[in-house]
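Scrolling down, you'll hit the structures one after another.
You will see subunit A twice below: alongside subunit B first, and alongside subunit C after that.
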Partner chain A sequence: MLLPAVLLYTAFIAYPFARSLLLSLYDWPGIGPKTFVGFENYRNVLTGYMSREFFRALGHNARFFVLSWLMSMIPGFLLALALSVGLRGTNILKVVYFIPNTLSIVIVGFLWGLLLNPQWGIVNQTLRAIGLESLTRPWLGSTETALPTIIAVTAWRGMGFYILVFLAAIVGINRNMFEAARIDGASEVQVVTRIIVPQLLPIVSTLTVLKVIWSFNVFDIVFAMTGAQAGPAGSTDVLGTLFYRIAFGGLGSSDVGMGLGATVVTLIFVIVLPVSIFYVFILERRTETR
Partner chain B sequence: MHNPNRFFVSLLALLTVIAGVAMAGGGQEDATGGDEAPLVEIWGWRTQDAPVWEQVEAELQAHGENIEINYRAFPPTEYDSKLLVSLQGESGPDIMYTRRLPGARTQALIDGEYMIPLDGQVDFGNFTQATLNFIQSNGNTWGVPFANQIIGIFYNTSIFDEYGFEEPETWDELVEIAETLQADGVTPFFIPGKEAWALAMQHAMVGVSIPGVDWIQRLLVGDTNFLDQELVDLNTRLNDLKQYYQANFIANSTAEQDAAFALEEAAMVFYGIWGTTNWTELNPDFEFGYFPIPTVDDSDPARAYVYMDGSYALNSISDVPEAALTVLQFSATPEFGEIFSAATGEMTAVANVSMPADRPILVEAYGLSTTIAAEYIYWVGSPMGAGTPSPYDILREGMQAMYLDEITPLELAQRLQEGVSTWYAPLQ
Partner chain C sequence: MLKLKVVQKSVVALLLLLWACINLFPVGIMLVSGFKDTREIFQNPFGLPQSWSLENHLEAWTQANFAGYFTNSVVVTVFSIVSIIFVSSMGAFVIARFRFPGRRLIYLFLISGLALPVRLAIIPIFLIVRDLGIQDTLFSLVVVYTAGGIAFSMFLLTNFFRSIPGDFHDSARIDGAGDFRIYRSIYLPLLRPALATVAVFNFINVWNDFFFPLIFINDESKMTIPLGIQSFFGEYTVRWDLLFSALSISVIPMILFFILLSRQFISGLTEGAIK
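== the complex of A and B ==
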């Protein structure tokens, strides 16, 4: 019964990863002979000439997690709460909120690139039109705003998913608890803070773990919005774009290093693995308690 | 007892084997003894070259060569990985586009013995040594160069005419032009600051005039280094020039630059000859000119950064090596050069070719590429590009950082020195 799954897992997950792990011990430009260098690649990445870029990218991934958590979870929860009331037009709004999720990352990156254009983009134009010119920025052209902007776009695209998950969880809460609370004189705020929020904590923990995994594997949206160089001045560089540049050279790079790239991938795996194990642990525990 | 099912299965198997043998035999005849023209498979990253190879095929056939050509262009960002995967699987094209030397990608193909030296098999007499330097190593020539690129400042001739400007001969004159335009509400320069490579290119193209090729020659042999005041001055000049760039230029791409320049919203751009085709397509009435970066003193000649864009290499595991070689031999002739430039609007790497008369910018650039090309450079094609980090690697991020006032011109020089000296022996 398990054989097909094991074969697929071995062919598409275990074997490529083992190869990648092995490759991280070699110097290899992608073709021709490989040179065994032991842990030299790890030394270069962790303490050598690549360390500054590596730790900067790692920091950006961490920032990506924190900010995207705040930008996704809190608005996602609040919007789900609003939709759970069941006002007219709720179903249409659900669809509207979910539409960005159906767009490919490349399209999202392209569209927001246009919207955020510093000269004629609609974002700055709108700010000017409503008298908030002081808030206009070169959103993707400033080291201070570029990464938060990308994170905000990511949150915008994924908002529908968080709304749906939270909404499903809120709808699933036993209505009798709300009735009982209201009979006991609880205010609406108390219903939210004392009943709904505690009931959603398992969902929040699951989404948080997934958020860590996604945040440390992020590549596509950064690549789509600021390119392989992840500028300006490396301010949006994450481990994914760093890997891309190292392994495939990026546009016009002087060097390509599959071994060094495999080292970065292995380190990403080392970061994400414990979180993934924790995620599986949470799911298992939840299944057991049901 | 005779089993009819077994009989039919045996018969079917027999027929299958016979059919298979017949088909295999037929195929072999086609491949070896038939009159079918050998098909030369060519892979590259340039979509604009498709008509070139169609014309080359027609030309070869007109010369009595029974050769067919199939050209496949992949997106530039995917080409190298597609090629590597195919070569590792012992397949791939007969002729492959390769990038210039020194460079890790092409060097890997040479080290992996996928490229064959073409000396003695192709006549390289139609190329200048400066061009061949970009594809030679260890005394071997590894490919047939196809295009040269020239970079510098392209300007809107209508705007220059309107203000009565001449092409500047000194840096101060350039700044003066920018100042006049800006005072009159015209954007002097449009800079694609979002694309870090374009900023590194800008630094390099200015570098061949200021501090100049003599300084670069001394840098390459280690007689000076990046901390030299002359380089700090160059960084400062560029940093001072940013006041004449469009607002928020660090957020703009090359596509936006092309649109702004072609639609006459900016007077000048620091770019390459490859952009001209796009500008003309965006605005057929747009007229523009080119000048190399002016020097500090007009007694010093301005120099142009010219580099070879790539070459055609013979795959060592080609199925049709003779036919592929015939194609390569033709691609080294002036006849090919004319086809290439007419079809692509770019400068062929073949010397002494007449550029299309309806493209005066190409005629001018081709002439300059043979007269004022810088012999010593520190961007693509330089010995300093052979290791990591190269000046290119450092300038991409460093230029953005300097333009954003996160580092000073001196700190950019320090980054260059600290980075390149980690591996480039003359600077250690």
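== the complex of A and C ==
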């Protein structure tokens, strides 16, 4: 009864990962014979003609991680804290807050593309209406704001997940700790900073690991909002879109090939793997101690 | 929980409502615009429609190949979820209820997929699908989604199996029930809340997935909604009414399914997956 899971998983997940590593040592346009090239692909990506594009994309992924960490964790925590007060309607709000998570990224990208339209989008209209004309910009059309805007949209869609996880963790804290602190004269602010925040650190570390994994794999939202070219002027290009252009022939990339694509994937893998091992490790430790 | 004064409570309530509005606004605009005609969308973008007729929705449904995309999405999602639940719950049953050498290792191997994003292996997966001759079929999507759903589902279900006392199992066995019977008639019913979580989680992933259809499917008649709708963006820029009603139709099943199972899903996600 365990066999179907093991077979399917081996054939379509584990084996492809292994084969991807091998493929990165070949030059192969996708059809015809493969040529063994050793570490040539790696040289091209890391120090050769692809390196500028590669490191620019890698830098964008790193920025994606840092900015989206800030944009998800802090509001997510604050909103969870607000929900934990237990006002009427909390249960309905939990459902409402998760709804964006259930939407397709393609649709999310399209809708925010409309809302962010420089001329008639509601974001700029609102800014004009409240007298902040100077803050209006072509959000997705400027090389400075395009990437942060995409990150903000991602944070908007994912917020419900962070809220629910933080909320469950806050509710799970032993109430006696709050009472004891209050008897000792702690203010409510101190209850938050001295008790709640430290108690949440394990959850924060789990979420941070997930953030790393997701940030270095981001593809759909960039593709949906700024296309395979990840414009303007490649300012939103991440490893996912770079890989897509190389392996599946989006126009405008300097080289196309499955081997070179597999190399980019292997490098993403090398970045994500240590974090991933750590993640599986903390998950296992947690279930063992239950 | 925190003890707040009345003023502070109102500030908190205001903050929560503000976020609810920011959350629902884009979706709300989309749903409402589906009822307007194109001129109305531009002249009165944020107001209520003049009439609530489903004319647009019917027209969108028959336009292009939208009904086809929708059917494909339903078929792929239903088959994927059923097979994920079947394969993972059996696997989790064995891992949680039997002791045999290599059990821990196999479990770690299977849940390592939690941390390895499936799409990183897309090139070899694409090649396997091509070599098997199932490229451009809905079946290829079902197989890949099932394999990709195993890690999370096995992880969650194994935890739930472990939390069910083993006594059931022993007494059923004394009564002469085989292992498969025990799994099917004793454990599956007990597992219902966890299965709801697995179902919603995979529904979100599969129904909305854009990446695998983008790589596997070229044939227009085999496209699922997220891929098919791309062509709507290009072709129907003069018919915003149709675009919005098509988008509405495509998000409604997902949102309804989520709301229906939201209680079990929320408790399962937060308790089972993270804590």
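The working rule: the second predicted complex is superposed on the first by the 272 of 290 C-alpha atoms of A that agree within 3 Å, B and C clash if a C-alpha of one lies under 4 Å from a C-alpha of the other, contacts with A are read in each partner's own complex, and residues count from 1 in each chain.
We adopt the following convention: a residue touches a chain if its C-beta (ideal position, glycine included) is under 8 Å from a C-beta of that chain, and two chains touch if they have at least 3 such contacts.
Everything numeric in this text was worked out from a predicted model, so none of it was measured.
K.L.:
For A:P29, is the partner it touches subunit B (first), subunit C (second), both, or none of the two (neither)?
P.N.:
Only subunit B; A:P29 stays clear of subunit C.
K.L.:
I'd like to know which partner A:P148 touches here: subunit B for first, subunit C for second, both or neither.
P.N.:
After superposition on chain A, A:P148 lies in contact with neither partner.
K.L.:
Which partner does A:T206 reach: the first (subunit B), the second (subunit C), both, or neither?
P.N.:
It touches subunit C, and subunit B stays clear.
K.L.:
On the A-aligned overlay, A:L83 touches which partner chain: subunit B = first, subunit C = second, or both, or neither?
P.N.:
second
K.L.:
Between subunit B and subunit C, pick out the one touching the greater number of residues of subunit A.
P.N.:
C
K.L.:
Of the two partner chains, subunit B (first) and subunit C (second), which one does A:P118 touch, if any: first, second, both, or neither?
P.N.:
After superposition on chain A, A:P118 lies in contact with subunit B alone.
K.L.:
Once chain A of both complexes is superposed, is A:T226 in touch with subunit B (first), subunit C (second), both, or neither?
P.N.:
A:T226 contacts subunit B only, not subunit C.
K.L.:
Please indicate which partner A:F248 is in contact with in the superposed arrangement: first for subunit B, second for subunit C, both, or neither.
P.N.:
both
K.L.:
Shared contact residues on subunit A for subunit B and subunit C?
P.N.:
Shared contact residues on subunit A: 248.
K.L.:
Using the touch definition up top, name the residues of subunit A that touch subunit B in the complex.
P.N.:
So the residues of subunit A in touch with subunit B come to 29-33, 49, 113, 116-119, 138-143, 226-227, 229, 231-234, 248-249, 251-257.
K.L.:
Which subunit B residues qualify as touching subunit A in the complex?
P.N.:
For subunit B paired with subunit A, touching residues are 76-77, 80-81, 84, 87-88, 103-105, 107-109, 111-114, 193-197, 246-253, 256, 380, 385-390, 392-393, 396-398, 400-401, 404, 406, 419, 422.
K.L.:
Quick one: which bits of subunit C touch subunit A in the complex? Just the residue numbers, please.
P.N.:
1-4, 9, 12-13, 15-16, 19-20, 22-24, 26-27, 29-30, 45-46, 86-88, 90-91, 93-95, 106, 108-125, 127-128, 143-144, 146-148, 150-151, 154-155, 158-159, 162-163, 179-180, 183, 204, 207-208, 210-211, 215, 225-226, 229-230, 233, 247, 250-251, 254-255, 258-259, 262, 266, 269-271, 274-275
K.L.:
Which subunit A residues qualify as touching subunit C in the complex?
P.N.:
Going by the criterion above, the answer is residues 1-2, 4-6, 8-9, 11-17, 19-20, 23, 78-79, 81-87, 93-108, 110-112, 115, 122, 156, 159-161, 164-165, 167-172, 175, 178, 182, 188, 191-192, 203, 206, 213, 217, 219-220, 223-224, 247-248, 258, 261-262, 265, 268-269, 272, 275-277, 279-280, 283-284, 286-287, 290.
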